[in-house]
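Common to both upcoming complexes is subunit A, partnered first by subunit B, then by subunit C.
Up next is the complex of A and B:
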């Protein structure tokens, strides 16, 4: 297929990608909505009244799990804390809407500011949402700092705390007794409406710049930070949105139940929701929807059996908790057999490169090349760094100007990558300074480095694996402050510059190795940096690919005036591009000069091949190093 | 002064239980990256082991040993049946698996034994008191402190001195590398689970002896505290888990002893909120685990 397509039409195709991506996103949202509506129709048509009751419950669960997924799916952190939000929503909405007379008997000790409002449910909703947002912001400031399992356990702590407070605050909640008198307004129309609304919100968020940012953080926090994305803030936004949505769902759930207690929002409910999310697939909205539908069907089938039943004359006894066991087994089977859930990592429905969108031909212009980078110098000044007493970098100083390529070479363990990590604050320097223009890079925040015009790539490829190639570049352009239109144009420019146009819609983790290497450079160029630190860009490439990369880099350097600090083991590659080369060995700069000077320097030869060799053997060794077999990737 | 001594004993005894549970969680986590939600059910199973052996007329001391043994068996069975198939899966999958195992076991306990608490009656002499300088101190809290400290000390020696202990510490750093060196991973992982079961079993003995009953949720709540303790200490750090366990036990007893009556219903909430506030200052915990992340 690929060999029939000539170069030109491909380039033209790329400009349609943003419009096709939008269309694909819309279709994927419709698929989610279609799933819910179909399930509701089937339930109410097949089972009448009881089916309708199940459908209401299902829609509320869809709303809850979709809202939960806004945080969990996009951040990759499982949360058990959503029961807390639902509890707050249900109680607050209940108190605000309860008939005043009933409230006086049920809650005689209710504080005055809460008492006697008797609001309509829809009037109360904005207040409930606001309360949810405030609670989310308060808790999010703590939880957004944590990652992985620690964050999950903290959310569990939040659930326990809220549950405990709800039981303790008898004046407001009647403690562990049943809270009653809540108007039951959640019928099928309301529940379905809520599910549809929240699905749309969740889908819009997931594909928005904020959604892309937090998914970038989820896939690779270090790379996201290097692009100037603040992980904590991304998580905080997701947490607040998810929490607000869940508070609303909690209110609807309360208005469905009419009477409830703190236990209604505790571990059994939370467990059921998390199970639904995992079974369907936590990374997508369609996964959340699918999980709820599948588990609802499973649960209601088994619930029939829970009270005991006769099968072929054998009487099975009533087993309390059979539905819980079924949920547990469903989770186990899914995790063993399909760890990403039934739906998998991507949304159900056609992707942006699906043939079905081939007719969409509304183009986005390629952004013009960025203006030529002005004069500037990145300078390392007396940097020191040791790990557990071993000096990895000691007293390293050099300068790398814009508009030129500065090579940084040295044998393995010389401290080259450590220097890059110090300059970009992945490590904190023990001593020294790093300046670009007038900014002291060691004094500003880690995310702030990118805004100073200093970008980097990583020795071990760090792409946002689940994002498409286009989205990888797009999120970088967003992070540099571009608007939607500008970001799309820039993404097209960079993908075209690195020959990635026919892979725009492919998830980064599915790209071939060479393309991934190029994508990483395209991604950092989307931010129009003044200088980029390239940490072994040619590692693992074959000679032809290396040659091609060298061509592109020298062209970009010429066109845009971007400075480069180039680290690589392929000396021919470095020699070809660099106007100056810095050589490091054992954490120190041993030599600095033009490629010719470096090649002649005995200290460099000694560092690479040891003492007592002649320049001729050095040359021979270097030739050998240029053989294709050289490409051992350092990990 | 007497009050302080009594409360100190209570605090250390409760902290000891949390510390053992948290340490069990941390040992397993450090090696296989599993946050074992079902750890509480290991403890509960230990409690039922005691209950059933007493029911069948065993002498109390033997019943306690069987309880500890039951917890070890449960931990090993869990590893073999549920978690071994998942080895190498990501943290979230493992966590959810254990969550499912925990829910299933709770239902099995409810149906197999009873949803209500079942009594465990140990000899009255065990729950006696003695006097130190005018303070009345329970025998049981004292014994539990001794047992907890001996268990923690024994484990430290085990990890530092024995071959398998050293292998376990190595596995915590890099399980893959250990495999390349030819160490049998299954054995290391199984021992880790056995130790976590042993600690949970000892915790079950202390817990049931103090409470006098077992129910399906018995292990769940102390283990929730132990989770928080592992995070407070620094997830994956063994020393941190012990420190976190004692810190939470002490906080809880302090809250019980010194908070005004009006705040009593919010005791747990206040303790947990304090811990989360501590995490704001130290997101990696009190004694963070060493963790190299090369970019």
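Up next is the complex of A and C:
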């Protein structure tokens, strides 16, 4: 690479990235907090007491939508179930804090263990949070198994069931009748404090290892699993945190209303919160905050005008229902013009590559090169796999040792990627075994493969699009069990090794194609694997890029002793790197040997060129392959 | 409709544009202009506004205390309701008229409790709503009064076995039939079966089958179902050939239910009032229609108007506008003069004792007056 020299200063720049990222995260949190505080100040200063009332309601909504976003935003699953948590929080806190005398008349049939506590609100809060956590864990064990629309429908089911149970549990909730006598303690201080607290929790979670993990699962579940991230556990953690937060918000909401019924936590409330979240932008905390602030300001401004007003001597009549109309129009416009919400996919505020953080000079050391991988062999033993009766892989056996590159080639449809998918449990093999060291890869869990030291890349790039390049590598290091410090150092090492240093703060989806390909390899190397299954790493690269990649891979193999199973159509590329090559055709291994042996094998020639060609044609084809231009064999 | 909007406009412009003078009596009105409460709050407010305006034309309450109203939309949202009640108190409200349901009324009453500001629901009928405090009042005959009068009528007609169809989803749809069952059993009748339905349940065939198979067969079916559940239920019931008489609550007093033809022929329901010829109610209807162009086609208009009279009589009896004095005076009113019917708060738990009307729907869509009766306070089912 000719520009190696000019890149040197940037390499140094990379070591500041973790500190810059931290600073950027802190600033982004401050932006969220600033938005809320500013809105509260404006409301209170401009509208006095009635502004304060609006601000209280707004802060409670901010807390609710931010808590909702902890699950929805990070997992990408829209949930309607949060009304259930709010209901539980409101009723439980109400029962625990209600004056005993009032409780005897309002809830005469209350079970003894709930009755007569008359706790202070702040004493009740931990109990409420704990109840929320228990309920979240119980429901999360089922809901975390689901993705997409089925998860959303399950959350809706949770809401409906909880609503029904609340109506049925008349001894505790008074059924559909109004539940009253709840101390009204949610004033502006409490509501703002709660909003600030929950925003900080949500932001810390989002940028933590658990937040990164679930966002990785959201962006690409298959890639996350290949890194050893358990999607269910990630979703479960997000659900539990979100549920616990929402239970607290429900308590606050209950203490704001003073009287409510199960209907107060049902679809109208839930839809209002989801609408706010979608208007602001579901994927970020600042989106949640923005959505609530914008909709509150919009609604309450229009509400003032709703009763009719005089403007420059013209009397406008009262038209009630304007707020609802305006809200509907706003949602329509946003879905049309900005489908990702007002804020978009990223947090408001400067990113880690902003010039604002140029003065940060707190460096993180690059991790030392990992120790040389010891001897080991990945072996496929008599693997079979059919799809709807068509044999994709049939009795495939081969070995790929560490410390060497094993090529796996074959025409399109030969079953190469299927083999990789069988070895990493993306598909279940019909028969056969796959071993690495002493582990039977087909017997352990899918996300356990990575922990055995077997990593992979994907034929069609699978990066975590909304995470930055640095975060892509970082989350992989976390998943391999590194602590915060170690993970940051490793991320720097791998980004530097793949010349991604100046793109550390760029979202993976915005990287150029070549950089994305390199990032995918850097990401799996962050886990210090023993062997990597590279599924067409050079596909789509130009010759110079391919050459560069080959240099890097051979250097890696030399430095770290990582074994590689290399699949590619570019035979020149495979030939250059591999010490042994396995050739597949129509689901079977047809030949195995050194590159020289493979080139001379008639079965290989037949598979690639077709039957009936003369030896001379085959020789010509091979000569062409040896030419410096490019020898891609396409069938 | 247009007239109603301009009425509201007038009210709101006054509310926005003028501040209360020291002599005004400030009444805050929570009125849902959209959402599930709008069908009750809108006519209630229109009637209330009409009569408050008339009172103001004559110099105010008892000719001397002008009323200033602050009206705010709650969109049927309880959190919004809490907010507007606080705003209205900030703006000096001395009396709060709350939306026509228990939830918002109780939420409002808990806020007004601090200053003891009298709080009256537009048309909430759940008898529990006054349990919040001494300052909370109903205005419409409560569910237990309606149920007791209906039970008395049914028993008087020789009916002895009742089948109850109720929904736990709302206090009204659950409470009405339960109060009926209680009163009916106390009279010597028997509840022979019960079915539960969900609000907006599209299909009642399972319940109809259960009723058909019920042994012993009921003499009467009682439900407090409203629209669209009641039409779905009655059509399924009559469609299955069950001709058992059906009785229901005051929600059946609507043109859409009466328009169901043969299916509702003979359905008996309660009501808060009936404009018998030459009655004050009939006069009110004529005057209201002449003044506003809107036909008051339900009782909420006249009940809204009666709230204005309740306030006037309470302020008169209290001799001051002090919230505690007004609350106390209101609670002592006995046989106060109203247009829909007279009202008695004394001796009740502040859900006024008012005459309940029993009416019958005919196949041609007409409503037939049967009787009006006061519930007996001593035998009234307890909330």
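The rule is short, and it goes like this: the second predicted complex is superposed on the first by the 584 of 635 C-alpha atoms of A that agree within 3 Å, B and C clash if a C-alpha of one lies under 4 Å from a C-alpha of the other, contacts with A are read in each partner's own complex, and residues count from 1 in each chain.
Here is the rule we go by: contacts are C-beta pairs under 8 Å (C-beta built on N, C-alpha and C of every residue); 3 or more make two chains touch, one makes a residue touch a chain.
Quantities reported herein were computed from a predicted structural model and do not represent experimental measurements.
> Considering only the touch criterion stated at the top, classify A:301 as touching first (subunit B), second (subunit C), both, or neither.
The answer is neither, since A:301 touches no partner chain.
> Identify the partner contact of A:445: answer first if only subunit B is touched, second if only subunit C is, both if each is, neither if none is.
neither
> Could you say whether A:594 touches subunit B, subunit C, both of them, or neither, answering first, second, both or neither?
Neither partner.
> Once the structures are superposed on A, label A:145 by its partner contacts, choosing first (subunit B), second (subunit C), both or neither.
first
> Which partner chains sit in contact with A:510 here, subunit B, subunit C, both or neither? Use first/second/both/neither.
Neither partner.
> For A:331 in the superposed arrangement: first (subunit B), second (subunit C), both or neither?
first
> Check whether A:459 is in contact with subunit B, with subunit C, with both or with neither, and answer first, second, both or neither.
Only subunit B; A:459 stays clear of subunit C.
> Would you sort A:321 into first (subunit B), second (subunit C), both or neither based on which partner it touches?
A:321 contacts both subunit B and subunit C.
> Just checking: does A:161 make contact with subunit B only, subunit C only, both, or neither of them? Give me first, second, both or neither.
Touch status of A:161: first partner only.
> Which residues form the common part of the subunit A surface touched by subunit B and by subunit C?
167-168, 175, 319-321, 324
> Where on subunit A is subunit C touching in the complex?
Spelled out, the residues of subunit A in touch with subunit C are 49-50, 53-54, 56-57, 60, 105-106, 167-168, 175-178, 180-181, 184, 253, 256-261, 263-264, 268, 303, 306-310, 315, 317-321, 323-324.
> Quick one: which bits of subunit B touch subunit A in the complex? Just the residue numbers, please.
The contact residues of subunit B facing subunit A are 29, 35, 82, 85-86, 89-93, 95-97, 99-101, 103-104, 106-108, 110-111, 115, 224, 227-228, 230-231, 235, 264-269, 272-273, 275-277, 279-280, 283, 285, 293-295.
> Going by the contact rule at the top, pick out the subunit A residues touching subunit B in the complex.
Contacts found on subunit A: 76, 78, 141-142, 145-146, 148-150, 152-154, 156-158, 160-162, 164-165, 167-170, 175, 222, 271, 274-275, 278, 282, 319-322, 324-325, 327-329, 331-332, 335-336, 339, 417, 421, 426, 458-460, 462.
> In their shared complex, at which residues does subunit C touch subunit A?
By the definition above, subunit C touches subunit A via 5-6, 8-9, 11-13, 15-17, 33-35, 71-73, 75, 77-80, 82-83, 86-87, 90, 102-103, 106-107, 109-111, 126, 128-129, 131-132, 168-171, 174-175.
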